[in-house]
Structure formats: structure tokens, C-alpha cells
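Next up: some structures, all given as C-alpha cells.
What follows is a pair of complexes built around subunit A, which joins subunit B in one and subunit C in the other.
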Partner chain A sequence: MIGSAPGAPAVVRPARPRLPAAPLLAPALGVALALVPVAAPGNITVLNLGFFTFLYVAQGLAWNILGGFAGYVSFGYAAFFGLGAYTTALLWLGGWTPVLTFPVGGLVAAVFSLIVGVPTLRLVGPYFSIATIGVGEAMRILMLNLDRITGGASGLNLPTAVPSKAWFYTAALLMAAVAYAAATWIRGSRFGLGLAALRMDLEAAETLGVRTALFKNVAHMISAFLVGVCGGLFATYFQYLHPDTVFSFTESISLVLIALIGGLGTIWGPILGAAVFYAVQDYLQTSYPTFHLLAYGILLIVILLFEPRGLAGLAARIWGHYRPGAPPIAAAPAAPGAFGPPAVPVPGETGSHVPAPDGPGPVPGSTA
Partner chain B sequence: MFTAQNLISLCITSILTAGLYAVMSYGLAIIYGVMKVVNLSNAGFLMLGAFMTMVYSQVLHLDPVAGAFLNMPLFFAAGWLVYVTLVRRVRQALPIASLLMLFGLWLVLQNLALTVWGSDDQSIITRYTYKALPLFDYRIALTRLIVFAVAVAVMAVLQILLNHTYIGKALRATVQDPQAALLAGIDTERISGYAFGLGTAFAGFAGGLMTLLFSFTPDFGGPFQLKSFTIIVLGGLENLAGVTVGAAILAFAESFAVLFMRASLQNVIAYALLVVALIVMPGGVTSLFGRRS
Partner chain C sequence: MTTPPLRLAHVTKRFGGLVAVDDVTVSIEPGQITGLIGPNGAGKTTLFGVISGRLAPTDGRVAAFGRDVTGWSPHAICRLGVCVTHQIVRPFADLSVLENVMVGAAFGGGGRVDARAARAEGMAVLEFAGLAPRAGQPASVLTLAQRKRLEIARALATRPSVLLLDEVLAGLTPTEVAQAVALVRAICARGTTVVMIEHVMHAVMNLSHRVLVLNYGRLIADGTPDEVTRDPQVIEAYLGAGAEAGGAHD
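Right, the complex of A and B next:
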């Protein structure tokens, strides 16, 4: 992760508390999870749970490349997911093997992300977010109306000859592993440092020679590609597509929520976030279908108020607290979080009513 | 298709729609203008305004227009509370933090409404819902006319308040330059609270008026939210008078697009305009002519 980047000076990114033995944890976890279909090949519930969780993990990690590393929060990823899904569906109906269509779907999504990204990534902060809501919703409505291609409001039925649940489980796990590898590599590379730099200060990064427009668009394309492939996998699994499911705003915000609640800009955040997100959704879906979004809305607000680094930040803080000889817990919020305020207080923003000098509110046990 | 009668009738529709669009976007513009916060929860409050109006009409047998007015003080209080408890605490962080927080609030409001009222379409039928007013050769739906008249009247009153009261002037000063306003002794923090309350009050009011025209579900606010963004971006974001211009542009564009494309693609116009306007003219339409000193 960070430590593996030889030329990475500590200036750019403050040292964050990390989970124990993080570099080894992920491969070990991956191998253990890969053994599940071997151990319990007939347990459809577990295999389905795994499939959806891994699909969310992969997408959350992919979203985080642009949204977390570069700080461009997009509400429009359903467009990439849907494009990937429909590319796979149409090629599959045209006689292709589904597996071969996945990269094509990813490419279609990546090309679309470039077309959208070149103009919209020039916008900063909230303006980019709003523009992506517009793009995502416009795509959904367009797809609903292109009924000759997408089947429109009646949807598209796909062939029913599909691999086993165990195959899907493994494919989704593989996808999550690829996304993990991509995110980890990007984070430690010069490219990732460039993204971090432009997130912190766009103009300063540009002055220092970071090709910000190129970096943003490449990050956008990589994450769109991964999400597009996930869309293809989803289409193969479901064997039925409807523009309102794959292009839905809910799909877009799921990715935002997964990354934010897990921990924006971290590797483990989207993984934790996706696991919790799908578990909660699955648990509440049957009895209270809307409760998981309600719960997530509340969680999002609480996290923004108290722990902007999400569940990963919380985990790191708890780990730091219980590690022998660790500094007391109150030290954590002083580190600039994902939304940390600028180092220099902005004049004109009266701080008199803000309880603590920096974003996160009072922490239980803080003595400051 | 392009008969004079059709065109005139489309113009009338556009003007009536523009009134509604303006009142629904005003709150967003005030909040953005004063504190540069993009209020994604506006959609939630629009929706809540509609449902509250339904509750008044069921329980108190209150007319939707009266319900919309009743929403104003309640939503003002709610908005002020949201500012004090949530928004104020993340204003120092990056702008995206407040956007995400208000997005979380929207999710909460929307899904609370889903658990309380379910996902069925709701509507309020009044005695005058299906009435139309004949005007020369045209017939105008009475509800649309009422919504337009009330919206314009309320915005006119607001304009007077903004121009002639201390708080109104302080609010406009904060929109123009928060630092200078602070230097002039304006408590911009307090003004921000009022602005958030006022913006939310407008959302509740517009939501109430909309029950006269549309059926609604807890998902109701989303498309209108995006249209509101289009309008304030077209209007120039910090320019309160620009809201009217933006609303008129969007209403005309939507109405006339129906002549050329499927009606179901109407919303795409708004979203495309939003993206184009954000990229091409961040200063809004009004910045294109004049003021180039």
C-alpha cells in the first residue's frame, strides 16, 4: 500500500493508522472466501450473498478511485453499470459467450466515461456531482425510450442457459480481487499520488506539473471500466434487464454510500462498506424494503459529523486505541479526514459557532 | 402542428409552468447564494411539503393553497433546525461534505415518507381540480392559474421584504459578499440560519402548491430537484432575480420540445440543459448579455 511506494514522500499523505498486517489480510481473506464454494457447493444462500457482496465490493472500490482518491464524487455510475449490462446482454443475444462480452461492456462504459468526463470533470466539487446526477438520469430516460435496442419499459429477456451459482460466486470474487488490486496499485503509484494531489489542491497540483485533466479522466475511465464489467456479470446472473434497474439512481447512490460509509479514499473502506451495505439490505429487504436506505442516510449524516473517514477510520481508531503503547484516542480527529478543512482557516467563515476547531465533532473521551 | 393557436397555447402553458418552476427553485437559490451550499435535501422537503398538505386536507379539510401557506412557518423552523444541527457543523469542511450531508438528509426524509405513507401515488382532488377557465379561444386549467398567481404573489412579497427590511438587506448583502457583510456588522451566521429556514420554507410551500397539479410519491422530489438546479444554474447561481429567467427558459424549452420529440423525453431537456449550462456558462444566462465592464 502506501509503504510500498519507494518515491512517495510523506508530505502528500499524512500517515494514517492502518489495519494490522493489511497487505497480507486481503489475499488471505480472498483465498478463504474462494474456498467457500468448494466447502459448501450447494448452499445457494451463501453463494448468492457472496455474489452480491463481491459485486458491490468491486464497484465500491472502483467508484472510490475517482470519488475517493481524486475527490470527484459522482452520482452517475449507474450509467456505466447499465451500459456494461446492456452491452453484455445484446452481444449475448447476438451469439457471444457471456464471459467474452464482459471486457467489451467495460470498454463501452470506459468510452462513455471519457465522453462524459472530458466536459464534466472540468467542474469542481459540488458542480461535478450535480452534473453527474443529470447525466445519469438522462441516460436512464434515454434508455427507457430506446425501446428497439433496450426493450424499453418491458425489459429485455436473456438466454436462460447460465453457469452455476458457484461459478458466479467465484467470478464476482475475482472481480472484487481485480478491483482491489487496481485500487491498491493506483494508490501506491505516482498516478495515485497525482490524484491525491489534485484532490487536495487542484491548482497547486497543476502548478507542480501534475496533468490533472488527464489523471482525472484516466481515473474515471478505469473505474467506469470496472463498473461496466460488473454490470455485465449482473446481466448474466439475472437473465433479465430493465433500464429502471440497471440505470437507476439507487444503483448510483449505492456506490456513493458504500464508499462514504466505508471510508472515502481508503482501500478497506469500500470493502467494509459493501459488506455492511449488502448484509443490511439483504436482512431488511423482505420485511422493510426501504429501511436500509433510511439507515444508510442516518449513518451517512452521523459519519460526516463524527468520523469523516468512515468505518475504516473508525476501525483504525479502535485498533490504534487498543494497541499497546498507542496514543490516546483523542489524537485521531486531529488528522485531516477526507473532508478535512484547509490547513489555513478561511477568513470570513466565522468559526465562532463551531464547537471544535476542526470538522469532526467532540469525541467521547476527548480531553482537548 | 405549427399553427398560431398551438404556439400561443404553448406559450401560455410555458408561462404558467415558469411560475411554478420559479417558486420551487427560489429556496435552492437563496441557500446557495447565502452560504454556497448545494441543498440536495430540497427534494425531500418538496416531497414532504406535498405530503403535509395532503395530511392537512385529510385531517383539517384544508385547501391545498392554504396548506402550502401553513407549510411555510413549519418548514422555516425545520430548515433552521437542520442548519443549526447539521449544516453549520460541516461548513468549514470541503463543500462536498455539506452536499453529501444534505444528500443523506434527503435519503432519510424520502425513506421516512416511504415507511409512513407507502409508495402509492397520492393526489388531492379539490372542487376546482377539473375546472378550466375559457380565455378567448383557449381553455386554461384553473389549478395552473391559481398556482401561477399564488407563486408570483409570494415571490413579489419576498422581493419587497428582501428590499425593504433589515434582514432582507442583510441577506442580500451576504449573497453579494459574505466578508464585506461581516465587516459591516452583519451576523452572517444568523443570516445563514434564516436563509436555510427561508429556503426550506419555499420548498415546503412549492411542494404544497404542486399537489394541485401532480400526483406524488415519496420519490416525487428528485426530477424537480434536478430541474431546480438547471434553473438556478441558468439564472446564474447567485442571482436571485436570475431564477425567474432560468425558470422561463426551462419552461419554454420543455414545452416547445414536445413539438419535436417524444413527451417522455421531456426531462432529458432539463438534464441536458443542466450539464451544458454548468459547463458553458457558469455565470448564467444573464452574464451573456451586458455587465461586461
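Right, the complex of A and C next:
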């Protein structure tokens, strides 16, 4: 469908850049990764690496539903992660089986996202982002001070009877798969079309019948739910929670970085972004505890300057370049619409119009 | 007597001290093309904003198909069957031409339409609007005339009973104007009521069954194109000492 026969008129072809064979690639990758614990059940390093990477993949994909698809760049997702983590922790201490608490944590996060989303999602662009920083930080400070519930600054110790590393590896992989399925479904659905429309022009989307306020909040809740469940999984793994860990601004900003490095609004972006992000963090944090932030900064600048579509855009570009019979990259229209209709149909993979590097916030409507 | 698709009763819109629309009362007849003209800054686009729900009127009521829609949000008014196009075209630049139209088809007055059905319907609308060959291209590569066509096609895809066109002819070459005029005629022939703001006089006089003239927010004339062009108030508004046609943009 995507790779249509050469010479066929590109009539119904979507203009957005897409990676080739994505529908098959991801399940194949998922199955291959699922076999790792079977092949190497005792390799703790690999299993831990997988656990953290998949957890970031799941969260990156989830964040991207609001941040990428709808264009609302939130710096407050630690609140959802932390709420999920603490919900699991408290219910676990209350006698629940940890696995059963995950959806509850997700629901708590989703409800909270609705409470903060209704007022903040009325803001557009950077104003929304700034508001979410406030929400995230307020939650962290609140949780630090609710020491009767959260253990406050001394943290919360959890039961130590936990499943094996292989179990965590598989659970996180499953979580990533669920987030992937959700993101893929949304992208191809009517809901996703509405999110894309409101991202590009809130007012135009509204005049075409899109219930923009509802859609933004539903997207926010779906992504908050997924991140909340990830928080629960994290709490079970660590068996110790501290508000400064799970509600940290670093956690919030990690998700933004993952999506930006990988490619905002794409499916593969957060997957690639999370892999790179965790690899950099894992390697640098152990040797140079603060240096990794500098590395992310440099990485971010390089990406925004040279490939604003992130690693996914880069991959699509490389694939387009080496595909047999593909038009050269330079064929992408550099100045769209300047001098009348182009003589040749524009290939889908080289759509030139990319979201603005600093987040494709909806254009604020004229007020007069 | 049938209910008019649109009825405005004493609609007033003030921005601070500025009265953009001043006590406008009018009923739009079904199946007609109604031209809305007036000098720049006369309040035409503001009036569209009030009808489409983008702006809340300071005073007065707006009724569509007999229902009071004053204060409704734009998406609800669109779903009821009143769709507005934008004076400054606003295509979803990253989406393809077809996907732009699919947004209208999926969310407009046709009820819940899934992405697959919206695609088929979008293609049909693009055929009608003469944009089918461009369906797969990003909207950002279109020319101005094509973008205006896309703006109309996207609105048409919402299956409006009333289509509000805001200066869809502005900036087009004479050939493109002729094509766009034919498109507006075809839309009306399908049974859609059209209200159009227009500055291209020969086109609007040619197309419209009825012309409304706004000046300083007030409705100063209402009649057939012939009646309106002979109206002394209209002549004064356009040529008189106070208002110069071709002045500052609104």
C-alpha cells in the first residue's frame, strides 16, 4: 500500500513521511525481543537494559500521543508516572497483588490528567508547556510534604518479594507493545486525524466539526494512563519510592527528549529515541554523573538543526535514498507552493513540511 | 412558511468601543446565493465569525434551521450544517490534500464517519472541486487558487446546508475567478445555501440572487444586485467622501 508500484499515480498516497513496512517490522522486533529472556535467562545486564529501555519506549510512545500527534508539549508527565507508582505502592502495601494495581495506577493518572488538562489544555504552544512545568513541580512538592501517605523525604519501602528480572523484562516489553498498538491505532483512526488537524490549526479544525477540547483531553488521558501504568511497574521493580525520583522534573523532560530525539509525532520516533536516550544515560551516568545532560543538549541541538524530524525522519530519509528507483532526496520541494503546481507528483516519503522544531503548537487564532 | 436556514436578530458585536456589527437583522433564504459586500472594515468577517460561533455576539440572537445557536461552539454549528471558510486560507499544511478534506468528512455534519468512509467521501468531494489530481500531495505545495479550492472542498466535505464563503475569489487571476465562480454555482445547484463575502464585484453581482451591503457594521441595503447597485447609500458607501474602496484592510 505504501510502497506502491513504480509509475502508478500517487493519488491516494499519504503525504506524511513513514517508515517502510512498519506494520510488520514492529511485531517482528517484539517477538525477537520477547525471546531474549528464554535465550539468556541469567543475563541480568541485558534484562535490566531491556526493562528500562522498554519502559522508556512505552512512555515515549504514550507522551507522543499528546505531544506529537496533538502538538501539546507537556513537561509535566512525571506527575502521571509518580501517581501510578505511588498508587501501586500504596495498594501493594495494602495487600493487593502488584500486577492488579497497575491499571488502577493508570486510572488515577488518567483522572488526574483530566483535572489538570481541562484548564491547561486551553492554553496553546509554550503557554501550555510552561503550565505543565508548574503542575509537575507542584505535584512533586505536594508529595514530598504528604509524608503520612508517601513517606515524604524518607521515601517508602515496599515488600521485597518480587518476580524475576525476566518477568520485569517481559512486562515492560508488553507495556511497550501496548503503547505501540495504541499509538498506531490512534494515528490511523478518525481520532488521530482530528488530533493532527487540531495540531496544525486549532481554529480551522474546530470550524470543520472537530471537538477539539474533547479530543485534546482524551489524548491526554490515554497517554497519562499508559505512563501511570509504567510508574506502577517501576515501583514494583525498585521496591523503594521517593517523591524526588518518580515526580522529578528529569523524568518529565526525559519523555520530551525521547520524542524529540526520535521524531515528534511519529510512531518509530519514540522507539528509536528511547533506545538512544537510555543507552546514553546508562553509559554516561555511571561514568560521568552529570555529563549526560550536556550530551542530551548537544544531541538535541544537532537534531533540531539538521533533522527536525528526528531519528525517524533520518531513517526515512536514508531508506528513501537507498530504495531502488527512489527519487533523489533533493527532489523534495524546498519552497512549497512558491511557483505554481510542481510538474511531478511529490513523493510521500519526502514531504517537506516538517513541524516546527520547538514543538508544532497550534497557531493561535486571530482574535478580531 | 418554511424556517430560513439562517436568521439573525439584532446581532451586535462590539470590540471595546468599536461596534463591528451593529444591530443586523436578516433572514437568509434557502437555496440561494447571497452576496455580502461592503467596504473594508464594514464588519463582514466579524458577522461570519458570529454566525459560525467563533465570536459570541454582544447582543442579539443567531438561529440556524429554527434553532437558537447563539453561544454554540464552532464544531457544534458545523455539525448542525453551517460551515465557514476562512478569508486567509488555513490548510493543514502537513496533511495531504485528501487528508485535509477527510477532516471535514470525518467530523462534519455527516455524523460519525470512520477514516475509511471519510477517505471515499473526501475523494468524491475532491472530484467535485476539481482537486482530485492533487489528492496525494501535501497541502503546502498548492497554489493560492488551489488552496482556496481546498478551503471550499474541506468545508463542502462537512455536508453543509449553509456554506459561508469568505473572500474565496480574492487574489485570483481572472481565469481562476471564472473557475471558482463556476464551482460556487455548482455548489448552489446541489442545493446548498451560499452566503459569500466578496470584493470582486462583477463576480458577486453575477452570482448572487440577493446582495446584502454592510457599512460601519450596519446593514444599509438588501435586494437584488440591480437594486443594490442603484441604491444611493451604497454608492455613497463605496464612492462617497467618507469611505474609500481599496482603503486599509480589515
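Things worth noting here:
Operating definition for what follows: the second predicted complex is superposed on the first by the 314 of 368 C-alpha atoms of A that agree within 3 Å, B and C clash if a C-alpha of one lies under 4 Å from a C-alpha of the other, contacts with A are read in each partner's own complex, and residues count from 1 in each chain.
Definition applied: contacts are C-beta pairs under 8 Å (C-beta built on N, C-alpha and C of every residue); 3 or more make two chains touch, one makes a residue touch a chain.
This one's a predicted model, so the numbers in the text were calculated from it and none came from an experiment.
When both complexes are overlaid on chain A, the residue A:131 reaches subunit B alone and has no touch with subunit C. With both structures placed on the common chain, the touch criterion links A:201 to subunit C but leaves subunit B unconnected.
In the superposed model, A:210 lies in contact with subunit C only, and not with subunit B.
Once chain A of one complex is fitted onto chain A of the other, the partner contacts of A:240 are absent, as it touches neither subunit B nor subunit C. In the superposition on chain A, no contact is made by A:283 with either subunit B or subunit C. When the two complexes are overlaid on their common chain A, residue A:193 makes contact with subunit C while staying clear of subunit B. Residue contacts after overlaying the shared chain place A:96 against neither subunit B nor subunit C. Comparing which residues of subunit A touch subunit B with which touch subunit C, the overlap comprises 340-341, 346, 348, 351-355. Across the interface of their complex, subunit A is touched by residues 15, 46, 52, 54, 73-75, 78-79, 83-84, 86, 90, 92-96, 98-99, 102-104, 106-109, 112-115, 118-119, 123, 132-144, 146-147, 154-155, 157-158 of subunit C. Across the complex, subunit C is touched by residues 9-16, 188-190, 192-194, 196-197, 200-201, 203-212, 333, 336-337, 340-342, 345-346, 348, 351-355, 360, 363, 365, 368 of subunit A. If you check the complex, the residues on subunit A that touch subunit B are 71, 73, 119-120, 122-123, 125-127, 129-131, 133-135, 137-138, 141-142, 144-145, 249, 253, 256, 260, 288, 290-291, 293-294, 296-301, 304-305, 308, 339-341, 346-355, 358-359, 361. Those residues of subunit B whose C-beta lies close enough to touch subunit A in the complex are 38, 86, 88-97, 99-101, 103-108, 110-112, 114-115, 178-179, 182, 188-189, 222-223, 226, 229-230, 262, 264-265, 267-268, 270-272, 274-275, 278-279, 282.
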